[in-house]
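As written, the chains take the letters A, B and C, and residue 1 is the first residue of each chain.
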Amino acid sequence: MKKRLVSILMSSVMVVGTLAACGGTEAGTTTQVEVTDDQGNTTTVEVKDTATGDVTEEGKYEVKDLHIVVDGTLTANVDNGQEAFIEQWEAAVSEKVGHEVKLTIDQLDHSDYAATVQRYLTTGTVGDGQFPDALIMSAGMFREYQTTGLLWDMAAAYDKAEFQARVTLPEVNLGIRTKDGKQYGFAPTYGNGCVSYVKASWFNQYVASDANTDGVKTIEDVDTYEKYYNMLKFFSNINGDNKTYGVIAAGFGKLDEAPFINYMPEFWQGAYPSFYQKDGVWVDGFQEQATIDALDRLAQAYADGLIDPDTEEASTKDAREKFFSNDQSTSEGVFTYWAGTWLRTLTDNMGKNDVDNELADERLLQLPPIKEITDTWGGYINREAPVWVITDDGDDNSLREQAIFDTLFETMLDGDKVQTLWTYGAEDVHWSTKAESFTTNPDDPEKKKDYEYADGVFHLKQSPNDPNAVWKKNHLDPVLVIAPLTNGFVDDDPLVTKGNQFFTAHCVDAPVAASSETLTAEQSGLKDLKTTLMNKVVTGEMSGADAVQSYIDEKGAIVDTILGELNAQ
Amino acid sequence: MAENIEIKQAPEREAPRKESPEKEAEVKAKAPRIHTIEKKRSKIKIFDVVNYIVFGLLTLIIIFPIWKVICDSFNAVGVYQFKLWPTQPTIGGYATILKTAKLFRPLLNSFITTICGTLLGLVMATLGGYVLNQYEMPGRTFLSYFLLVTMIFSGGMIPEYLVMKKLGLVNNMWILVFKHGMNVYNLVLMKNFFEGIPASLYEAAKLDGCSPMQIFYKIVLPLSKAALASIGLMFAVTVWNDYSTVQIYITNRSQVNFQYMLRVMVMDGDTPTTSYKVSQSTLYYSGIVCAILPFMLAYPFLQKYFVTGVNVGAVKE
Amino acid sequence: MAKDVEEKTSSIKIQKKPLRLRIWNNRGFYLMFIPVFIFVLIMHYWPMLGVRYAFFSSKMVPGGGIKWTWVGAQHFINMFKEREFWMAFKNTLIISVVKLLLNTFVAVLISIFLNEMTSLVCKKFVQTVIYLPHFMSYAVVAAIFTLFLSPSSTGMINETLKDWGWIDKSIDFLHISSMWRPVFYIINLWKETGWGTVIFFATLSGISPELYEAAEIDGATRFQKMRYVTLPALSSTIIIVLILNLAKVLNIFEPVFVLYNNRVFDSSDVISTYVYRKTFMTAATDYGYSTAVGLFKSVVGCILMLGSNYASKKIRGRGII
């Protein structure tokens, strides 16, 4: 026994000893500074050495390694010619800034984007190879982070940027600024929003059916909730076997990302299940009657089998795959999704799966906002644009940050070479101006399409990973970008133009997202709870009123604190 | 284990079984003396029939999902009914997976990490097990406790994450190798195997002037091939099937393993764009089959080793 | 293991040489242990230092990194006040214990009845099949069952049940609080029970055939043999399996993580998933808090481990560690 005690004692001593040694190495690249605050608490602050670039003798900072974190909106992903994109970007930018720049792109999964970014920002340090120098944030995420001091205020840099002269849509970035004129993000494009797409073949079947169609003849006639509901009802049993559904989306609502109601807008109508300004005063829309009604409407439709149950867990990709699936017998008639380019993408994907081939580009109809939406919001919601942000390295000067701005953002909107990269992708990989001809679907006489271009004509090529589809765009949407291309490269796809025109005619701007310290801390708890409650209501586990009540019971006090902070701003 | 079963089963097999009903009746009528035994026998038969039926059903329950997955992976359209054969046979799903860098790379990563992880695990387990088997070595108890503490206590998610970050293992597929490098349970199994090697062999080698290291690779390792195989398989299964480590530590798509990709594919619907005419569910199921294929193929041949590993632990218990 | 040590060391006491000489004689072994020692130190002991964060509060700082501020036991106080935490704690115990008992019970049943099977080929075949799901990862199993159990018209099980006229409306198996746990247990039974029988078979193969012969001579029926010969032989193994696993009940993570969702948190959220969400899924999170929860889990797990070690010593004369 004694022997064992000695052993244990020895082991603990040794372990602690060795660990202390290990612990010492923790401070390898950082300097630890002990700070005692007014309460007498001792704090250890780790001060980091930055290492992504060098300060040259003239006091100018050169970005040598640029590490950016992006989401799926950079469509030139690793399977789609990202390598060529990086190569051409590096070449073009190095030439522009006058020294070699290496670009590293870290493209994350959409579902875990926010959590992963947070992990990078907290556990990393500038220059460790993973810490992002610049990254994309959704509007909601951006509002959470802008109060943390992690982001760099780029107001001055933005104002004196070269691309200012070409900016045609200045409102977007001015809207991002805080009351005291700080700008922590940069939006290269307008926000865009979602439109409800209706399968034309299904709609035609509805119009021609014996069912009571309320006298609907064209898609414009579906102008009230009642008529919409009626149409969905028909869709949910279009083959007489109840295996189809009226509508699908990536969630009954998207309560974790502003503007929250762009999926299923016909059901949400005038509701806004988050903080927004009503007549100049911040209120919590989730507690309002409008939200309760919207939830009950969704629940009713779910119970009637109009909403595909997969909606609850479907990601955007899931939902759209199901919508244009080659198995239409379990599909849906309506899908609310992004306007413009996506009209083309959805149509093409239906074509790829041989859905409604005879309709060609007329496969999808765009449903104008119903009366209940126009009466409240005025149209489909145009979300706040996602932004690019630059991380602050915490030192007093802005050398590094300004250099990142110049290397990345300034070139992104140069109107020329680099902007084309961001807009259409890499030359001769995604697009080309050389003479060429190609054929998509060469083996299928019905869908076969020939493309022929003369030398010097800008055109998009076949997708790198799918020779049967034509490439669409890269990160920047040429229609939404705040400063247009000056080299005259346009992809005049009539379908995309049609989609964009439709959305512009039927949209309103989303309410400004809230931003406060308590909100940042509590945001994810609120989002989780609201999503859980929404799902429970829609699937019939509880009523809308009960859900809002339990929300108030659990988070009421926190919500009041947040509203207090917001209204004091 | 198989041998053991046979030995035990032998007497039972000798007993006469399953006589035809006519003969039974005949025997019954002729000799009322053995009536009771006969009755028991017919009972046995009912029991056997029921037993076979129950186990037949059980095997069906186990096999059915696997079969359905395999069959749907060869089916170009999603079939959501009780159909047990592909309606539109295709291999487009598999072709897509092999052609898509996004999916092929993780598959490759899985193979690399599994092989390296198994090797590292085996090295650690054999070295540790061998040393802990040296009962006259001073400090042996300390070393045992040193290892055992790690079984009971761990730093927790964030402390581990921060350390891995410092070691450069975050966003790095080698974490899959190092994370499973030390498995104390397997180490103890290994030690148990080594205990079975006759001490006289050690003594002889020692007299011949072999160093511990020489004894280790000249005598101990060659004698433990079965143990190495079964414990190696345990490591391989663990590393290949690990999903949560990737979920926590790796976000870079070029570093993830196939289990993670599969999860993302099925849960987020993040299937690759394909030039084949296959439904999304075909891709899901092809992915699932790829994830289970290596062990499904190896399993029938290696079952013996899988089972011995557990049994050594059991015997020691 | 510790017990073996004592026995062996006491037996060689007589020929004990000076400590220094013994260390020198064993120098080769020490050298061989060095890689293991260093590896364990770095991979396992270094993170343990991090439990100190349980008494700190974390804050993000510009340029990356974390600022730790001493808060004492504040996190533990908050934790014990948190409804979600207690829910997770309760769920962990219920889910792990029920899963353990259920799996063991079914594994014992299967072993006993399969042992009665006379055809060796069939027996071998059944064994091969029922071990199979063990080699599939939880991610795969979850993927299969999520697809099969989907409430949409793409869910094979719901559609089949509807075709057979057993139900008229799809059942959302994985999203209803009251359904989730039973479905979880069944999926786990499917995956792990077969493998669980391995250890019982090992025990069964050790039963002397004479016992059965003796029972037969005494006129025991088949069931009586199973009841009075097979089952008692298994009892100590059953207890060992239960004890061994009891020590690990708090560690359950992956099986739950791959199958749960936000609508069934009330019945499915376990401590590890709670810690995971608090750590990695929450923006502006306090790492100190999740470390504190992790520490609490470790401490309780430690107590359970020592408890089962004690129980094991009482019952079978040797500990599990």
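Heads up, the rule we're going with is that contacts are C-beta pairs under 8 Å (C-beta built on N, C-alpha and C of every residue); 3 or more make two chains touch, one makes a residue touch a chain.
Values in this document were obtained by computation on a predicted structure and should not be read as measured data.
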Chains touching both subunit A and subunit C: B
Chain pair showing more contacts of the two, B-C and A-B: B-C
Inter-chain centre distance, subunit A versus subunit B - centres from mean C-alpha coordinates, in Å: 41
Distance between the centres, which are taken as Cα means, of subunit C and subunit B, whole angstrom: 16
Residues of subunit C touching at least two other chains: 2, 9, 42, 45-46, 48-49, 153-154, 159, 280, 287
Of all residues in subunit B, the ones touching two or more other chains: 78, 80, 139, 141, 146, 161-162, 267
Multi-chain contact sites of subunit A, meaning residues that touch two or more partners: 3-4, 15, 119-120, 123-124, 313, 322, 330
Residues of subunit A that touch subunit C when the two form their complex: 3-4, 15, 18-19, 22-23, 30, 37, 41-46, 48, 50, 114-115, 118-126, 128, 131, 141, 144-145, 148-150, 242-245, 308-310, 312-313, 322, 329-330, 391-395, 520-521, 523-525, 528, 531-532, 535-536, 539, 541
Touching residues on subunit B, where the partner in the complex is subunit A: 76-78, 80, 100-102, 139, 141-142, 145-146, 149, 161-162, 165-166, 170-171, 251-254, 264, 267-275, 277-280
In the complex, subunit A residues that touch subunit B: 3-4, 7-8, 10-11, 14-15, 26, 28, 77-79, 106-112, 116, 119-120, 123-124, 130, 313-315, 317-319, 321-322, 325-327, 330, 352-354, 463, 465-469
Subunit C residues touching subunit B - in the complex, by the definition given at the top: 1-2, 4-5, 8-9, 12, 19, 22-23, 26, 28-33, 35-37, 39-40, 42-51, 53, 110, 113-114, 116-118, 120, 122-126, 128-133, 135-140, 142-148, 153-156, 159-160, 163, 190, 194, 198-199, 201-207, 209, 212-213, 221-222, 237, 240, 253-254, 257-258, 275-276, 279-280, 287, 290-291, 294-295, 297-298, 301-302, 305, 316, 321
In the complex, subunit B residues that touch subunit C: 1-2, 4-13, 17, 40, 43-44, 47-48, 51-52, 54-55, 58-59, 61-63, 65-66, 68-69, 78-82, 123-124, 127-128, 130-131, 134-141, 143-144, 146-148, 150-163, 167, 178-179, 181-182, 188, 211-213, 216, 237, 240-244, 247-248, 259-260, 262-263, 266-267, 281, 284-285, 287-288, 291-292, 295-296, 299-300, 303, 306-307, 310-311, 313-315, 317
